[in-house]
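First up is the structure itself, then whatever we jot down about it.
For clarity, chains are labelled A, B, C and D in written order, and residue numbers in each chain start from 1.
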Amino acid sequence: MSDTLTLDSTLIAAVLATLLPFASFVLIMVFTRNHRRLSAGLSIGAITVSLISAVFLLVCHWHLQTPLQYFGRWVVSGDIVIPYGFLLDPVSLLMLTVVAAISFLVQGYSLGYMADDKGFSRYYAFMSLFAWAMLNLTIAPTLFQLYIFWELVGLSSYLLIGFWYEKFSASQAGKKAFVMTRLGDVAFFLGLLLALVHLGNLNILELNSPRVAAQMSPTLITVSALLIFGGIIGKSAQFPLMTWLPDAMEGPTPVSALLHSATMVAAGVFLFCRLFPFFSQSAVAMGVFLAIGTITMLLSSTMAMVSRDIKQVWAYSTISQLGFMIMGLAAGSFFAGMFHLTTHAGFKALLFLCAGVFIHALGTNDIFEISRLGGRRLKVPTVCMAIAAAALAGLPPFSGFFSKEVILAALAELDNPIWLVAGLLGAFLTAYYTFRLIFILVVPDQSEPRQPDDSHGHAGYWQMGGPLIVLATVTVLLGFFQGPLENFFGNHICSVSAHTGSHGWLPYIAIATAASGLILAWVEFGRRNSARVGFVERIGWLYNLFSERWYMDRFYRRFVDVVIYRIISGLCTQNDNRVIDAGLDALSKDAVQSGRFVSELHLSMIQYRLLAIFVVVALLALYFFF
Amino acid sequence: MEFTGFPYLTAILISCIVGLVVIILIPGQRQVQIKWVSAVFSGITLLLSIYLFFAYDKSRGGLQFVETYRWVKTPGITYFNAADGFNLPMLLLTGIVFFTGVLTMWELDKRVKEFFAFYFLLVTGVFGLFMSMDLFFIFVWYDVSLFPMYLLIAVWGTTRKQYAAMKLTLYLLAGSALVLPAIVFLYAKSGLNTFDITVLMQPGTFTAAEQKFAFILLYIGFGILAAVWPFHTWSPVGHVAAPNGVSMLHAGVLMKIGAFGILRVGIFLCPQGWQYWAQLMAVLAVIGIVYGAFVGLSQTDLKYVIGYSSVSHMGIVGLGLATVSVDGLNGAVFQMFAHGVMTALLFSAVGYIYDRTHTKVIAELGGLSHVMPVASAFFIIAALASMGIPCLATFWGELMVFIAAFKTYPLGGVLAVCALVISALFMLRVVQHTFYGPRKEQYAQLADVPFDLGLPRIILLVVLVVFGLYPSLMFDMIETASIPFINGLP
Amino acid sequence: MIVPFGHVLILAGLLFLMGVFCTVTRRSLIMMLLGIEIMLNAAAILLVGSTLHWQNLEGQVIVLFVFAVAAAEVSVGLALIVWAYRRTGSVDPGDYNLLK
Amino acid sequence: MTIYSLIFYVLALFILATTAMAVTRRNMVHVVIYLIFSFFGSAMLFYLLGAPFLAALEVIIYAGAIMVLFLFIVIMMKFEGGRHRLFAPGQWIPAAVFGLVYLAAGTLLVSAQPGSRTVLKTARATPAMFGRYVFQTHWLSIEIVSLLLLVALVGALFLGRRTKKYATPKSIEDHR
């Protein structure tokens, strides 16, 4: 453990990885706003260097035994010290690489996707800002630094989601995302303060060490764990605060890919991994997390079953997969969560980027419309999307299969079988809605006349296609790296792996579940002459329930409108105007009025004056004689 | 007369006063000359305050750049200026806001001479108050800074300006009517025949009961100026009515006078009274934070929103002061500085927009990012600062205050932190309805802010970012005063 | 042996009160002047009574002066009223509000 | 109760009653007549209280000169009455309040005064005695008072002149 800043290659690489995107953000915003190509070049250059540094760090420290820490004094106030530094351990190294890689690919992809946008430079500036915040978040050594960049991630996601600000819905979605995650962040912040007050500092390694139990009572640990988990709920779109994520699809598609695969929403799960030993000291908290993860996964799966918007489907699936990761982590398997996070980052980015190609080429989000316009003739994205969908559904040999299997194994370890059942149900639903989309897209609709449409010979097609192929390769291959990764984390002192491999039957059941989902989807959508109507859509109220997101959004909207705006804010405003201000105005009016009254005594009819004189004399008499 | 070295502090005052005199001597038709003179003299004060900020010896701490002159001997009135860790940030803030305020009013064309003359007078009072260590002078400077405000709002203001000016003046005079008896009371009770704060603040000068009595008077008196909750209604109205440069000074600096007065007079002289009333201060501050945010949520006027956000932010300052701890004081003073810069930026940005669109009603604006992206960016960044986004200066002040409050008043701390969501909500609402949305026809011809007009905003923005990225610059300074002070408490 | 001094006081007091009442309530300058006369008369009664009480002639002397002053006051006062009435056509004190 | 006290109470009642009647009459002539009766009563009271000279003066100056002066003015000017309510509520209510305060104060004062219970003895200051006393001790004041009367006379004459300028009555509004 190194507490002083010595200039070695690791440190230089870390600084380069984390600082360059910020530099490119500043440069773009200040100088090159009007030079599109220069801006893009700056941003991509910076993220390339970050990626190289990250890979360098990962390779150098593949056999890392103890975590490396670097600290520099940043802020000192009283007895509060906030250092700036880096923490290099398997979690952060892997995440750093994943984030840098996905950012790099997305930025490359955006060259084509955003080519015609007038906010091109701004887009790249925000991308750089986002990359900077996210990279720093991953290698933060203290919760403070993590929180700071956590907030910045929220900010840059706000800017990116609301990127097309002329659309009201986009700025609304950005606002919603920001405020809802902020709500979680407040809980996070409070949990952080609670830990700070009792521990004195917020070093992540110290939080994770067993010594914490000596300084904090179990109740306190539970409370602060739950509060910190509030941040995860917000950022990773878990159960009560999940509705911002589907709306966040208003942003450009590459942004969705970036936000919902490896970065913003994954930050929540990443935080869980970061504080896994700390969280696992409280069984109650872990139970709550497990429940929240399960609810989230099931709810969002049902929502995905009825959506017609291609990005929305993937958004719901993101929520559900995040819930799945939380389940795995809360079930006690650190590796399960982390592994699924990694694989998910790959295939979810791929899914979004493929969707982006369709949207870009065909100009619509509706899957039926895409199908009608001949989306399947875009070969590369169709194939890539099928691969990614298979991974998402958990079919072997794609990466998702392996990571899902690990999570299911962790769930099987639990005493209560209900969690495993829920997990399998989730897997089934996932396979169903994934392939529902795929089949709608791929199988030509017999009822519609075919339209020859060759407009897809698009300029940015291959710029977009490149990253797709890279990601598809990763998706296919990553699953086979389970062993090395497990070793990598095995070195990590915090790793508490629950995976014992005693459930030989589990992979078969998992495959069977996924396959049954696939078959159901095929029966309803893929078959020749199929009705192309899902079983849910036949049940009116269920369809309404699912497509209205279980009425959660309406509830929030109503809640904010009525309780926040009308009742509390309205009352406060009324109090300001009617009570405080009016009271003061009345006071001043009364003062003026009493002045008038007193002046009456001087100016009015002589008789009043006389009377006043007499009264005063009488009162004086009373005063002097008694 | 005792001066150690060159009297920098007096030099600031003198440059203000000389500027004032020169402005008065220039004929009123020569508007450009007047503006240049104002810019030059305010620039001098800015440079001096920056110099002071960096020349202060942090390792030595304590009072530096001391200038004393026994002015009136019999009652013990001393012209006593000094700089310490508390007032240097305020002086720097005043210098920055003063200079940028002058630049912001560059486009003024109505009674330019009178405007800048009053502006200089106002700032003279503010500078004097921040640097003075003598109760008598503090009171005099306080009133000097109040009186030009009335004219500046009543003559150059916009919305309901007469009402606002009158209300503001009455409120602030009511405040000074509470401060004066408290000062006289302390002066009389000490029996030391001096107004010198450094003498009066020696432990044992006042009994606990005297401190309690004097502190509550001082707290409410200065608190009115700091927009402490039930006495806050003058400030949004005043912000709205005042011309932009004045709003900047008003929200950026003048409200700080209140908080600084509580610190310098109330807390320094009556530490026991401070500890006694701290709970009350905390309750009012928390109410102010939450309440300001909620009221800001349903405002329809751009400047009203900023005004109420100021109420909320000054609540954070009050909460910091109420915690009776090093962190709280650090956070409070930092927040004063950061909020001053931030609000100045907000008003400066609004000023540009208002001068072009001639409306401050949020519903009438919209889509401004299309036509003036840079001007919008200034506002949006300031709005982000107001939400407490990290890497902008306000974050650190809020952070320190919340940490300190969480230790002392857990419930209050929690409520104050929760108000962050509301303040995010209302700021984003404003940003969304003002700058986002489709392009509007009536604003299609507007030009973006050119470099020379953007300069004040750039300066403020840079300050905001510099102190956001490297807050230690300020915390180290404040600590030289706050740590000895807290350690010296009985 | 006539009556206790207090009874004289009460009589004078009541009379004075009536004078005050007349002065401040009747909307006529003449009635106001009459009210003043009533008050002066009350004072005169009290002074005479106190002469008897303290066995000192000074009180009666003051009454003499009171009469003289009353006569002067009435003559000038009435002349003023007449003058004012000629000028404005009203003896209502409520109409004399030029100071307002 | 002696005969003197009986006379006192009768006179007191008479004075109060006539004064009260005077205060409440609308007709000015009646007011003046009642007041003349009141002053006659007062004169008799003076006589009872041992001031025969003053009783004479009361009759001559008050009941005779002053009241007659009033009577002349009232008759000459022909003030129209009945324009107002006799006692406007805006005036008599405050006056009544004052009266209550006054009565309370008076009662307290009188009852607190130990001298008020001492019964007055009959005594008499003959006009000769009175005149001698006055001119021995207050001759200067008498001269000044006589000057005052002269001035008042001149002043009344001056005010009473008919000037052309204000020959015709004007309403107040014209002067505004």
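In the analysis below, a contact is a pair of C-beta atoms (placed from the backbone, for glycine too) under 8 Å apart; a residue touches a chain by one contact, two chains touch by 3 or more.
The structure displayed is predicted, hence computed values, not measured ones.
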Most distant chain from subunit A, judged by the mean position of its C-alpha atoms: D
Rounded Å distance between subunit A and subunit D, as computed from the means of their C-alpha atoms: 99
Subunit B-subunit C separation of Cα centroids, rounded to whole Å: 67
Computed distance of Cα centres, subunit C from subunit A, in Å: 95
Subunit A and subunit B: spacing of chain centres that average the CA atoms, whole Å: 37
Two or more partner chains touched - positions in subunit D: 91, 94-95, 98, 102
Residue list for subunit B, restricted to those that touch at least two other chains: none
Multi-chain contact residues (two or more partners), subunit A: 607-608, 611, 614
Chains that touch, pairwise: A-B, A-C, A-D, C-D
Of subunit A, residues touching subunit C in the complex: 602-608, 610-611, 614
Sites on subunit B touched by subunit A in the complex: 167, 170, 230, 233, 291, 294-295, 297-299, 325-327, 330-331, 367, 369-370, 377, 384, 389-391, 395-396, 400, 402-403, 406-407, 413-414, 417-418, 420-422, 424-425, 428-429, 432, 435-439, 471-472, 475-476, 478-479, 482-483
In the complex with subunit D, residue positions of subunit C that touch it: 1-11, 13-15, 17-18, 20-22, 24-28, 30-31, 33-35, 37-38, 41, 44-45, 48-49, 51-53, 55, 57, 60-61, 63-65, 67-76, 78-83, 85-92, 95-96, 98
Sites on subunit A touched by subunit D in the complex: 607-608, 611, 614-615, 618-619, 621-622, 625-626
In the complex, subunit A residues that touch subunit B: 29, 73-80, 147-149, 151-152, 155, 158, 162, 165-166, 168, 170-172, 174-175, 178-179, 182-183, 186, 189-190, 193-194, 196-197, 564-565, 568-570, 572-573, 576, 580-581, 584, 588
